[in-house]
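Each of the two complexes below includes chain A, the first together with chain B, the second together with chain C.
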Partner chain A sequence: MPCSLGAAALSGGLTAAFGIVGVTLGLSAIFGGSRDLQIDWLLPLAGVRFDLGPLGGLFVAATGAVAVPVGIYSVRYAQKEHWARFPLVMLPLFVAAMLLVPAAGSVTTFLLSWELMAAASLALVLSEHHRGAVRSAGAFYAVMTQLGFASILLALMVLSAAGGGDAFDTIAAHVGGISSGARTAVFLLTLAGFGSKAGLLPLHAWLPRAHPEAPSPVSALMSAAMVNMGIYGIIRIDLQILGPGPHWWGLTLMIFGAVSAVFGVLQASVATDLKTLLAYSTTENMGLVTLALGAATLLSSYGAQQVAAIAMTAALLLILSHGAFKTLGFLAAGSVLAATGLRDLDKLGGLARRMPGTTVMFGIAALGASGLPLGAGFVGEWLLLQSLIHSAHDNNTLLALMMPLSVGAFALTTGLGIAAMVKAFGVGFLARPRSPAAEAAREAPASMLTGMALAAAACAVLAVAPVLLGPALKHVLASVPTVGGGAAGPTLGTYLRLPGLAGSMSPGLIAAALVIAVLLALGLSRWGARHRPVAAVVPLWACGSESLSSRMQYTATSFAEPLQRVFDNVLQPDTDVEVTHFAESRYLVEKVTYRTLLADPVEHRLYTPVVHAVTTWAHWVRRAHPGSVHLYLAYGVLGLLIVLVIAR
Partner chain B sequence: MSTLADVATAMQVLAVLAGAPLVVGGMRQVRARLEGRAGGGIGQPWRDLRKQLRKQQITPQGTTVVFALAPAIVAGSTLLIAAILPLISLGSPLDPAADLFGVVGLLFLGTVALTLAGLDTGTAFGGMGSSREITIAALVEPTILLAVFALSVPGHSANLAAIVSSTADHPGQLVSPGSLLAFVALAIVIIAETGRLPVDNPSTHLELTMIHEAMVLEYAGPKLALVEWASGMRLTVLLGLLANLFLPWGVAGTHPSVLAILIGFVAITLKVSVLAGVLAAGEVFIAKFRLFRIPELLAGSFLLALLAVTASYFFSTPTN
Partner chain C sequence: MTWIGKIGRVGRIVEPADEAPDATAAPPTGVTGSLQLRHVDCGSCNGCELEIAAAFSSVYDAERFGARVVASPRHADGLLATGVVTRNMHQPLLNTLKSVPEPRVVIAVGDCACNGGAFAQGYGVVGSVADVMPVDVEVPGCPPTPQQIIAALRTVTGR
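For the complex of A and B:
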C-alpha cells in the first residue's frame, strides 16, 4: 500500500514537531537547570522517572535538531519511495524514543527507552524487507543491538544494586560506597554496550550494513542522532555518575577511540558505496569523540582540569558538528538514491549539472566531514588537537607517550578523511555520468531541498559562528565536574581562546579573509583581459581519440586504488586481474577483467569465527528437537523436575 | 597592532605575489646552469604569465563552476596564508585568527579545490592526477601537523608568531632532537606538497608520470596562469615558513620600525633564495621516484615527525 501525500505529511510533520519539542526542551534544560518528572502509575513496580539535566538537554536538543530537517525531508521522500504505512508510523516513534533516552532519570526508564529506540530503529531498517540485503543487515543489526542491550542491562543492574537505588540521583548520591570491582565491571560492560551503539571498533560491524540499507532519512537519524546515545551513555553513566574514573578508563577510551577513528576513515577512503562511505565516516567521527572523551578523562585524572575542559568541549562540539554534516550527507545521498536508484559511486557522476541543489548540499556536508576551514568539523577538531598538544605533562611518562600517539592517529584520520570526502564528492557529483541512470537524474523536490538547507545552515553556523554555541556548551561542561567541568573551558567567541594557553583561532575571520583573498585572486586573473580574444567553449582533449566516453574516467575504485595499495596490509583487499588474449597472438589483449573485493578485515577475523561457532552449536542443539511431541513433553517434565529439586 | 605591522603584512603579500615567479625562475635557472644549459633567465616565468594572461579564456565542455573557480581558490588561499605567516614581521593582524592548524587547513583547501577540478573535467588524466595528488596529500597532512606541533610544544602555542619568537629567544631549542627531526620531516613534506623531485617532476612532458601537471592539464590561458602563479606562491610561502621556523633571525617584531621591516624583507628574501637554490641544486642529482615508492618516503617522514613530537614531549620543560 503506497502512501498518500497526506499520510507522509502527517508522519514527517509529527517527526519535525517532535524535533522542535526536543530542541525547546533541551535548550530549557541546558539553561534552566534540571527538569524532573515522576509518573508512578505508568510502569508497575518501578514507575517512570525523567530527569533532564544540562548534559541530557544537549543530546535532546541535538536529536531534535536532527529530527526537524529529517521530518521535512521525509514527506516527499516517503511519497517518492512509496513507503508502506508501517515505517511512516515508526519514524516519529523512533524520534520520540531517542528524545526519551537522554531524559531518563532512572535505570528502568533508561533501559525501557533504550530498548524502544533500538526496536523502532530496527523496524525502520527493515522497512524495505523485500530485499535480501536489507533482511541480512537487519538480522546483523538485531543481534548486535540486542547483545549491546544485554550488556548495558547487566551493567546497570550491577550499578543499581551497588548504588542502592533505581534513580540515577540516588546512585550518584551513594557512589562513594560502590566497590572498585563493581565500578570496573560497570565500566567494561557499558563500554561494550554503548560502544557498539556508537559504532566503535570492534563492535562497529552493524553500522556499514544497517546505515546503507535503511531508507535515507532513517540513516540520517541513526547516524546523526542514535549513535550519539552511545556516547551519551558513556558520559552519563561512566564519567558523570561513576567518575572521576581511574587513569586506565581514560586510556582505554583513548585507545578504542583512536583505533576506531583510523580504521573507520581508512575503510571510508576505499569504500565505493556512497552510504557505506558515510557509515564508516560515522565510526571515524565517533572514534574522534571517544578519543576526546578519553583524553578528558585521562587529563582530569592527572589533575589537568583546564586542558581536560578543552578536550571535553571538543567532544561535545564534535558530536554537534557530526550530527549536522552527517544529517546533510545522508539526506543528500538519499536524494541521489531517489533520483537515480544508485548508491554505487562507480556508476554515479555528473550530478552537478542535473542536481545542482543536492550537489551543493553534499559539498557542504563533505567539507564539514573533511575538517577543513569553513567546514563544520573544523572547530571541534582544532580544540581536540589543542588539548592533545598542550596537555601539561609534568614528567608523566604515560601522558608523554599517549598524547603524541593520539596526535598521530588524529592527524592520519584528518588526512585520509579529506581523501574520502574528495572521492565521494568529486567522483559522485562531478565529471560525467557513468551510467544511464545517473544521466537521467532529476533534481530533488523543493521540500526535500528545504530540509537539507536547514541542516546546511546548521553546518554553516558550526563552521563560522561557534560563538552562538558558546554559552550552551559552558553550561553543559559545568554539569560534568568529573571531566574538567570545574575549569573555565575554552572561550568560543569571535576568537576561540584557550584558558592558560596562548593559542587562538577565529573561523569567522578566516572565512571572511578567504572570501576577500579569492576575490583578489579573481581580480588578478582579470589582468590583461583587454587584450584577450572572445572566450570560447571547446571540447576536452580526448587523448587523440575521436570522442571521450565516460568509461575513460576515473571511478571511485580507481581513484582510491593508490591508497588501497599503500594500506594493503591493513585492508587486505582480494584483487583479481584476468587478462584474456586473442587466440591469434599472445601480444593482443582481448579483454581485461578487474575485480576487487574489500571485506572488512576486523569483521572477517573476529565475527566469522563467532558466527561459525554459534552455527555449529545451533546444529547440535537442533538435534535435540527432531519434531517429536512426546520427546518435547518429556523435556518439559524433566525440566520441571529439575526446577522442583533445586527449589526444594 | 600598529599600522606599520599592517604595512609589513601587506608587503608580505605583495612580495609573495611578485616574488613567486622569480623564485620559480631562479630555480629553473640554477638547474639549467648546473646541467650546462643557458636557461631562460630568472624573469621567464613572469614573461610566461604575461603571455598566458593575454590569451583567450577557454572553458572545456561539460566542466562546472568547480573547474572555473578552483584556480582562484588555490591562489586566494595561498595569498591568505602569505598574510598570516610571520615572513617579514611577527605582527600580522591575522596571526591570532589562524594558527598552524588553520594554515595547514587553508593549504589543503587549495589542494582539494584543484583535485576536484581535475575530477570535474572527467578525463582520464584529470582523474589520474587527482587520485595521485590526494593520495600524497592524505599522507602529507598528518606529517605536517605532527612536525609543526613538535615545534609548537616548546613555545606552548600553535600560533606562528609565538613559535617563531620562542625559537628566536631560545636558539638552543633548534638543536634539540625534536626540532631537528621536525625539520627533516617538514622539508620532505614541503617537497611532496609543492610537487618537486623526487616526488613529482614539475617539468615533465610525459602524462603518465605526471601528478600535479596531469591534474591541471585542461587549464589554458588566464586560468593556467593563475594555477601556475599559485603553485609558485605555495612554494615560496612554504619555503619562507620553513626558513623562519628554523632560522627565525631578522624577522621584525610585533611593533616593527621601518628599518626592522626592511631588514625583515631582506632577510626573508635571502633565506628563500638560498633555500630555493639548494633545492634546485639538489634536484639535479636525483631522479623521480616510482609513484608507489613515494608513500614509503612519506611514511618515513611521518615516523620522523612522530618521533619529533614524542621527543619534544620528553625533553621539553613542563608548562607554567
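For the complex of A and C:
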C-alpha cells in the first residue's frame, strides 16, 4: 500500500525529532558528566538502567546527527519510492533503538537495546521484500547479526558473572578481580560480535549485501550510525571497562583493522555498483578506526600515552567524519536511484547536468571519503598518520615492526580510496549518460536536497573547522583513561597541534588559501581576457571522427581494470573474453563480449563451506520431522520420559 | 662539478643551424610566439613520420626555430599533413582542419602529400592534400630530410 505524504512526513519528522533529542542528550552528557536513569518495573528481574557518560554521549550525538538529515530526506524519498506502512513505522523505531545502545548502563539493557536495533534494522532491510536479492541479503544479515548477538551475549554473561553484577558501573568497580582467562574470553567474543557489526574482516559479508539492498535512507542510517555501535562496544567493554589490556589486544585490533581497511578499499575500488562501493568503503573506514584504536591500545600499553591519546582522538574523529560523509554518500546515491532506478555505475553518467545539486552533494561526500585536504576525513586521517609515524619505539621490536607496516597499510588504503571515489564520482556523475534512464534523470525534490545539505554542512565543519569539536573530544578522551592515560590529546584549534611532537596543520587556513587562490586565478584570467574576442562555440573535438558517443567513455569496469590486474591474486576475478568472427573471414571481428565476475574471495572461501555444511546437516535433521503429528507427539512423550528419568 | 655547471660547460649539441631561408608563408596573424602544429597522417607510409620525429628530436631540434607539435588541433596554429589523402582519412582531415582556429597554415610534408607520389591514382586515394584544402607550404621529398622539413618550418616561423 503506497504511503501518503502525511504518513511519510510523520515518520520522517519523528526520525528527525529523535535525532534532535539524541544530539541534545549526547552533548549534555559529554559536557555535563554522566546521566543516570533506573526504571525497575520495565523489565522483570533486572530492570532497565541507563547511564550516559561522555563516551556514550558522543555516539548518541553522532547517531542523532545522522538521523536528522535522514529524517528530512526520507519524507519525499518514501513517497517517491512508495514505501509501505511497515518501514515507515520502523524507521523512527530503529533510530530510537540506536540511541538506546550507547545509553545503556547495564548488561541486560545493553543486550535488549542491541537486539531491538538489530531487529529493527533487519525489518528495514527487508522493506522491499518482493525482490529476491533483498530476501537473500536479509537472510544473510539476519544470520550474521544474530550470531554476532550470540557472541556478545556470551561475552557479557562471562563479564557480568566475573564482575559480580549487571550494571557496567559495578563491573568496572570490580574489574581488578576478573581473571585473565575471563578477560581473554570476553575480549575475543566481543571482538567477534562487535567486529561483525562494525563490518571488520572476515565478518564483513553482510555489509555489501544488506547496504545496497536496503532503501537508501536506511543504508545511510546503518552505514553511518549502526556500524559505529560495533566500535562503541569495543571501546566501552574492552578498553573502558576491561582496559588497560595486554599488548596483544592492541596488536589484534591493529591487524584486524589494517586488513579490513585494505581489503575493503580494494573491493570498493573494483566495485561497479554505487551502493556496494559505499558499503565496502564502510568496511574500509571502520578498519581505519579499529587500526587507530589498536594503535592507541598498543602504544598505551607501552607507556607512550601522549601518542596514544592522538591515535584515540583520530579514531573518534574518523567515526564522526565517516558518519557525515557516508550519510551524504548514501543519500546522494538514493537520489540517483530514485531518479534513474539504477545503481550500476556502468549505466550511469551525465548526472552533473541533470542533477546538479545531487552531484555537488556526492562530490562533497567523495572528497570526504578520499581523505584529501578540505574533505571531511582529512583531519582524522592526518592525526592517525601522525600518531603512527611519531610513535618512538625505543628498541621495542613489536612497535618498530607494527608502526611502519601500519603506515604502509594506511597509505595503500588512502591511495586506493581516492581511486575508488574518483571512479564513483567521475564515472557516475560526469561525462555523458550511458543509458536512457540516466538521460531522463531529474533533480531530487527540495526536501531531499535539504536533508543532504545538512549532512554536507557537517562534512564542511569536520573538514575546515575541527576547532568546534575540540572541547567535546577532550571530554570524551578524558573519560577513557585506560587508553592514553589521561594525557592531553592534540589541540584542535585553528592550528592542529600535537603535544610533544613537531607536526602541526591548519585545515581552516588551507581552505582559506585555496579559496583566495581560486578567486585570484579567476580574477586574473578575467582581467587578462578583457581584450580578447568573444569566444566561439564549436562542437567538441572528437579526434577527427564525427561525434563522441557514450560508448567511448571510461566505464567503472574499465577504470578499475588496471587495479584489478595488479591485485589479481587477492581479488581472483572471473573474467571471460569471447570474440565472434565474421563467417566470411576470421580476420574480421564481428563482436567482442567481455564479462567479469568479482565475487568476494573471503566470502567465497570462508562462508561457502560453512553454509554448505549447515545445509547438509539441515537436510539430515529434516528427515526426523516429516510432518506427521503422531510422530511429533511421540517425540514429546519420549522427551518427557527422558526428563523424568534424569530428574528422578 | 655540479650538473648545472656541466650543462653550462657543454652547451647545446645539435646540428648547426643554416642561414634562415626566405619567408614563403607568413605566420598566421596574431601568432606572436611559436608556431603550434597538429600533425595528421592522411595515409602515409610512415616514412615522413620518422623524419618529422627526427626533426623534432634533440639532434635537429626544430623547436629552437619556434615550431612545436601539439596534441589537439584546438591548441594549434596549423596542420602538418603527411601522406596521400585516403578515403578513410578524408573526412577526419577536414574535421581536423575545421577544429584549428583561424587564421591557420597548412603544411604538406612529403611527395605523397604534395602530389600523390607513388600512390597517386590508387583505388583508395582521394588525391593530394592540395586537392582537398588550400596548402600554404609544400615540402617535397620521399621522404624529406629533417633539414628540409626544418627549412620549410623556418619559412613560416621566420627564425
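Assume the second predicted complex is superposed on the first by the 630 of 648 C-alpha atoms of A that agree within 3 Å, B and C clash if a C-alpha of one lies under 4 Å from a C-alpha of the other, contacts with A are read in each partner's own complex, and residues count from 1 in each chain.
To be clear about the criterion, contacts are C-beta pairs under 8 Å (C-beta built on N, C-alpha and C of every residue); 3 or more make two chains touch, one makes a residue touch a chain.
Computed from a predicted structure; not experimentally measured.
Chemist: Taking the superposition on A as described, I'd like to know which of chain B and chain C A:V538 touches: first, second, both or neither.
Modeler: Both partners.
Chemist: On the superposed three-chain arrangement, identify whether chain B or chain C touches more chain A residues.
Modeler: Per-residue touch count on chain A favours B.
Chemist: Could you tell me if A:S558 is touching chain B, chain C, both of them or neither one (first, second, both, neither)?
Modeler: A:S558: touches chain B, not chain C.
Chemist: Contacts for A:L524 in the overlay, against chain B (first) and chain C (second): which applies, first, second, both or neither?
Modeler: After superposition on chain A, A:L524 lies in contact with chain B alone.
Chemist: With the two structures laid over each other on chain A, which partner does A:W382 touch: chain B (first), chain C (second), both, or neither?
Modeler: A:W382: touches chain B, not chain C.
Chemist: Contact-wise, after the overlay, does A:V407 reach chain B, chain C, both or neither (first, second, both, neither)?
Modeler: It touches chain B, and chain C stays clear.
Chemist: For A:E546 in the superposed arrangement: first (chain B), second (chain C), both or neither?
Modeler: Touch partner of A:E546: chain C, not chain B.
Chemist: With the two structures laid over each other on chain A, which partner does A:V629 touch: chain B (first), chain C (second), both, or neither?
Modeler: In the superposition, A:V629 touches no partner, neither chain B nor chain C.
Chemist: Once the structures are superposed on A, label A:L509 by its partner contacts, choosing first (chain B), second (chain C), both or neither.
Modeler: In the superposition, A:L509 touches chain B alone.
Chemist: Does any part of chain A touch chain B in one structure and chain C in the other, and if so which residues?
Modeler: 538, 541-543
Chemist: Of all residues in chain A, which touch chain B in the complex?
Modeler: Chain A reaches chain B through residues 269, 349-350, 352-353, 370-374, 378, 381-382, 385-386, 389-390, 392-395, 400-401, 403-405, 407-408, 410-412, 414-416, 418-419, 422-423, 425-427, 430-432, 495, 500-506, 509-510, 513-514, 517-522, 524-525, 527-529, 531-543, 548, 550, 552-554, 558-563, 565-566.
Chemist: Using the touch rule from the top, collect the residues of chain C that touch chain A in their complex.
Modeler: It is residues 40, 72-74, 89, 91-93, 95-96, 99 of chain C that touch chain A.
Chemist: Please name which positions on chain B make contact with chain A in the complex.
Modeler: 17, 50, 53-62, 64, 66, 69, 71-73, 75-77, 79-80, 83, 94, 96-99, 101-102, 105-106, 108-109, 112, 115-116, 119-128, 130-132, 134-135, 137-143, 145-146, 149, 152-153, 155-159, 162, 217-218, 221-223, 225-226, 229-230, 291-292, 295, 302, 306, 309-310, 313-314, 318-320
Chemist: Using the touch rule from the top, collect the residues of chain A that touch chain C in their complex.
Modeler: 538, 541-546
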